[in-house]
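Supplied in structure tokens, the structure appears directly below.
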Amino acid sequence: MAGKSGRTISAVPQKSFMKTILSWEGILLVLFIGINIFCKCISPVYNFTNVLREMPKYLTEIFLLFPMAYILLMGEIDISVGSTVCLSATVACLVSNAGLPFGIVLLAGLATGTVCGMINGFLAVKFRELPTMIITLGTQIVFRGIAEIALGDGGSVSLVNADGFRMIAGKVGPFPYLFFVVIICAVIFTVIAEKRVYGRSLYAIGSNSRTAFYSGIKVNKVLFTAYAVLGFLAGVSALFLISATYGANTTTGKGFEMDAIAMAVFGGISTAGGKGKLTGAVIAAFTIVCLRVGLGQINMNAQVILIILGLLLICSVLLPNISSALHKTRKKA
Amino acid sequence: MEKKSLWKKITGSREASLVIVLIVLCALISVKSPAFLSMQNILEILKNNAVIMIMSLGMLCVLLVGGIDISITSTLALAGMSIGMMYKYSVIESTLLGFVIAAAMGAVCGLVIGLVISWGRVLPIIATMGFMYIYRGLAYLVAQDQWAGADALGTFKDFALSNSLGLGLINNVIVITILCYVIFYIVLKWTKFGRNIYAVGSNEEAARISGINVTAVKTAVYTIMGLLAGISGALATSVYASAQPNMQTSKEMDVIAACVIGGVSMNGGRGSVLGALLGALVLSVIAKALPLVGIDAIAQNTVKGVIIVAVIILNVLTQRMMDKTNLEKREM
Amino acid sequence: MKKKILCTILSAVMAASLLAGCGNSKEEQTTASAVEETAAEDQEEAPEADAAGGEEAEPETDAAGGGTYALVTKSAGNPFNEKEAEGFQKAVEAIGGTAIIQHPESATADAQITVIQSLISQNVDSICIAANDENALQAALEEAAAAGIKVCSVDSTVNVASRLVHVNQAGVTEIGQCLVDAVYDITGGEGQWAVLSATSQAANQNAWIESMKEIIESDSKYAGLELVEVAYGDDEPQKSTDVTQALLQNYPDLKVICAPTTVGIAAAAKVLQDQNSSVKLTGLGLPSEMAEYIGDDDAHSCPYMFLWNPIDLGRLGAYTSAALVNGDITGAAGEKFTAGDMGEYEIVTAGDGGTEIILGAPFAFTPENIEEWKVVY
Amino acid sequence: MSEYVLELKGITKIFPGVKALNNVQFQLKPGEVHALMGENGAGKSTFIKVITGVHKAEEGEMYLLGKKVDFRGPRDAQQAGIAAVYQHPTSYPDLTVTENIFMNHEIKKNGMIQWKQMNKEAQEYLDQLDADFKPTVEMGSLSVAQQQMVEIAKAISTHAKIIILDEPTAALTASESEKLYRIVEKLRDEGVSIIFISHRFEDMYRLAERVTVFRDSQYIGTYDVNGITNAELIKHMVGREIKDLFPKPEVRLGEELLRIEDFSRTGYFKNISLKVRAGEIIGLTGLVGAGRTEVMESLCGITRPDEGRIFLEGKEIFIKGPGDAMDNGIVLLPEDRQKTGLILSWGLGRNVTLPIISKLTRKGFIDEKAENELSKKFLEDVDTKAVTIFDAASSLSGGNQQKVVVAKALVQDNMKVIIMDEPTKGVDVGAKAEIYQIMGELAQKGFAIIMISSEMPEILGMCDRIYVMCSGRITGELSRDEATQERILEYAMEKEKREEAAER
């Protein structure tokens, strides 16, 4: 073949310790440690046991973070997950109260979530002209609406027999089972995103979905799978949520979607697609959880906590932009 | 010749198909509930949904430049709550002043968002998500766990009752809504600024090259959105004679849905004032009609969601049909 | 290098915003009322004092001796909850304890669980909670109980397994009876009436509506009353307005709307008064919100309405918490205790099989007394 | 008064890390057409943006009619009478033609836009250019050539004294180009000075009096068009001599590899049948919009045809998506490198391996070492100018990007048929020759090549057989010996002829 010029191209990746530390993930890690020190300073009861004990409620949201990160990586969005969690929890509770075995209850919850996710995926694939934001806005209302109907007057269902769910809420030492499941999920999802073909496809679609399609990547399949997985994990999240509330109501899972998106964005994943790492999202999620736990322990006004989170979210995106802009002008001068 | 092209215009436009949807909806509802199309009822619909309709205009502009703003109801609450507290503690009395303050607060909120997005180059969805928390939180802090109730609002609440601006025929709130629509129609269609908004949304790079100050246009658009949210805050306070920090929570999605139903593209560059109006009307009619036609309260959200999804999908399918007929017409 | 700086800036901004946050809340609270100011300071200083007292010192062995009593309300930004908190605060101060008032970030059970978990970490002595969902808090409250925290509910109950005792504003049947009588009185004994409730899943409202239905069925005196619809305004002003207007349109012969919810009644009152409608209104509402609409003449839409005193409710909640912590009561039916200057209360069996303490009968707000009460709450 | 309408001296423009222009100069005489030539990346586009005020030069001076000017933004340049028609049409697809023409210099009265008057004037400009569409249609619905015309109308509407055309003919067919030449001549005759950037020599010979050459961000020289030979000019541009632009090797044609029969897709093409043999290069040409790209995209599973059959090595195959086509060894090099060929933000290596990434796995995990080595090999094979395989694709010039796209095709080891859609569009002379070289080598190795192209020289120079399309149908098939520019044009304009006949 050609190559007459004899030019060689280097194929050795350059890795350095400094680079790793100075990546967004590195900064987040520093921030994570900083926030833990900060919380320790402000709250006398901020310790390992208490943080772990307060964590499960937040962990149920972190489940959604992983597949949500996938969807954001593709440049899409899903704002219906909170409703999916609500519907899955409702179905699982109703099935449980109908006296069916616990296995079937779990299955029902997971299946409901998966079906919801598949509906989103189907609509997203069949109507590519529509932004997924608007599709999932619609399904958000519908899923929660169906849960409302299923819950009927009273809008709340509580478990008659919570034994099975009590089991789920168990602990190994100070660690709730949930913690391990989240960590396992985090590892699986990170490895898939970084090392497997599916992950590569995600980044390809998010960076340029047409090139990805032209290059033989089954864009629709990847997209559909991501939505279905998000639905499935919404089901998992719902089951763990039930184990904390022994029931479901019409407000179950409200705001989960925004929390999951915020965590992902804080973790460096761009809603425009193609950019960011799962590791960053995971660290970011735990950073936010620790901060919330710490601030909660000094009984800070919940609204002020939200303001801080909002500022943090904006600053995490704004500051790198500003500093790089300043950098540029300085270089010019 | 002229007439034919006019007819073609009507049948070919998305607005026209929405008008048809709206008419069909109204017809179906009035069969079930004949009082639906009474003048009083129509005015009530307009008055109760003035807030959504006015904010749809701002959202139209935001979507036109390819952005999105999910912080609007937080801005609304902050502005509404602030003037509510001002009336409560008798800092201000005049109605006009209340509107001016609310509008100014909204504009400042919007300006901050605009700067962060255009100058700080933060993606709109992220920036406005952050400000959604911030402004809502501030509204709570301003409220001090209190409401500004009817008693506290004094004469301010009479504004929404009076017809003084509407020559004694139409409610003030509706007059303001109509005024906003007229102003926006003129600005978007007949002024340079309006066309710049379309230009930026249609092709940002080209706009920059042809000398349009893209940053300024974007900032302005979010400021306008904030301004309208502020005015809406004052209106909502007046209409419901009460300001609460959790006012209109999550109604921003209704505003976005109204625009999308009205054919405004979320990728920017496409959409009209008429579309936004029709989209908002469709949603308002649905909200009003569901209790009227006797749909069970717990099923109302489902029905509303299904209708939204159906209308949007219908939009896509008609567009596809139109494209297909156009292709078939092509000569080979 | 650049990113390192960035990182520092980020942390600094965060810390700054945090301080600003604390500062804000303090500042604004000073403007509100003296009571709240002390409350806020107490809240913020309490943990610091503990920290100073050495790490092994548990908060419950606080030198002040009064212990730490927590109140978790339904949501922030609601004057009723605020008045309840005010009463709680006052009573805790009266007995020399430390009060922690926590409003969850949203009106959901999920948000309350987070708050409860945080309170368990802080090792408070008691938690008094107004539940957003009767059953959903069970797991969290059981955990609190296991950690030695005394749990009672106030205003809106949690299920029997989660509480020692419920502080009820008024008996369910009492409220039902009051409302039915009011409807009977205003309609003149017969005619159509409707209910405008909060959300379809609001536990209190549902219980009261159920009780009203039972009362009407059980007594032939009310045979002339026809309940045409129970509508839900979701405690949103806009929806409540829409729903009220729909009621007026759908039932031209409607005589009375009964709205047992503070948001709904205000919205309905405004609609009726604005339209000069002949339909009258009664229900449960805050005097300060409703003063404009209460009156006997045609210009006012609401002849009279009911509510209990949220301040007293909060105080009773605090005294009950204290009695539980001190071991004066265990929550069993038949026990009696003295609630400070409020007098003696007895624990009775509640409708759900648990126990409760009843504050008293609902109080009627009439055109005669509204001026006096609207400045109180 | 100065001899020149526009003169630039010592212009230097620095982008972070690169010197895009290094001390360049330029003189434009009144009423002349001045060609500006150079390879991609030579700095022509940057230079234009300096003139039009989009970029601000770090050093250098600019004189307009002898007076020193200093543009702070595009507006200043517009007001000074400079208008530019950029390489990629910078239009607003959602707006009407009128709005596009008058963007940012709308006719206003009391702050209100005067639509009627604007439409009228827009119609006048379009009439001047013999345009066949109305000013009220949406820009997005027009063909590339028509959009180009609107851009020119836009330039005229500003009453510009200097008009800059940046590769206006790149997307045009021969007949459309001819129309453009006439417009340019007319403008010149009216006293407008024109700067004309192009890769096509025929443009330059047809229009320009003088030509200025840039190379590697530097000014090389200005020459009289009549006083310089083609070879000399290429040498100036490339910096070395190119002996044979079309290195078509002699290849013994093998068996028939691919055949499509009766391909139809409503609105795009009808009854297309063609075949290609091993080692054969066939050309698919015709006017832009004739349906060439659409046929090939349907063949590769990008879109689904309504009817039609595909035979590979005599056996019928069914293609449901791009993946199926690749599995069968049919590879497409798409026309738009930036939108469909590459992921610009990615490194070169990952771009190359994207189509075969699922084969580079071990137990399901991507073998990054193997991946890097493979992409390195293929990138070197096509002689890409890059430092590492991790360089972002966006950092390469057009020609090198095209080479990456070629590498992306070659990496598929089961490849049999390679379809190249406008492989040299926007590619400079040096890289063009290299791409032709690669094509020749591929043919020698027995691959079947289908090349879509609008450029007559490469079609005539490289192809064994040529299919000509017009309005969605194949109107002619020519062998290498039969083919001439005239015959191809005749087939390509079949429809217009038919229409003319019908009119008579």
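Letters A, B, C and D name the chains as they come in the text, with residue numbers starting at 1 for each one.
The working rule: a residue touches a chain if its C-beta (ideal position, glycine included) is under 8 Å from a C-beta of that chain, and two chains touch if they have at least 3 such contacts.
As the structure is a computational prediction, the values presented were derived from the model and not from experiment.
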Touching both chain A and chain C (chains)
B
From chain D, which chain is the farthest off, judged by mean CA positions?
C
Result of counting contacting C-beta pairs for B-D and A-D, higher pair
A-D
Quick check: how many Å separate the C-alpha centres of chain B and chain D?
43
With chain centres taken as the means of their Cα atoms, state the distance from chain C to chain D in Å.
71
Separation of chain B from chain C, taking each centre as the mean of its C-alpha atoms, in whole Å:
34
Among the residues of chain A, which ones contact at least 2 other chains?
148, 151, 153, 155, 301, 303-304, 306-307, 311
Which residues of chain C are in contact with two or more other chains?
24-25, 76, 103, 200
Mind giving me all the chain pairs that touch?
A-B, A-C, A-D, B-C, B-D
Please output the residues of chain A touching chain D within their complex, sorted ascending.
1-5, 7-14, 195-197, 200-201, 203-204, 207-208, 210-218, 274-275, 328, 331-332
Within their complex, state which residues of chain C touch chain B.
24-25, 28-29, 31-32, 75-79, 81-82, 85, 103, 200, 231-232, 237-238, 241-243, 245-246, 249-250, 266-267, 269-270, 274, 286, 288-293, 374
Please output the residues of chain C touching chain A within their complex, sorted ascending.
2-7, 9-11, 13-15, 17-18, 21-22, 24-25, 43-44, 47, 50-51, 55, 76, 100, 102-111, 113-115, 117-118, 120-123, 132-140, 159, 199-203, 206
Flag every residue of chain D that touches chain A in the complex, lowest number first.
14, 16, 302, 321-323, 325-326, 332, 334, 339-346, 348-350, 354-355, 357-358, 361, 364-366, 372-373, 375-376, 379-390, 408, 410, 434, 437-438, 441
Under the stated contact criterion, what part of chain A meets chain B in this complex?
77, 123, 127, 129-131, 133-135, 137-142, 144-146, 148-149, 151-153, 155, 258, 261-262, 265, 270-272, 301, 303-304, 306-307, 309-311, 313-314, 317-318, 321-322
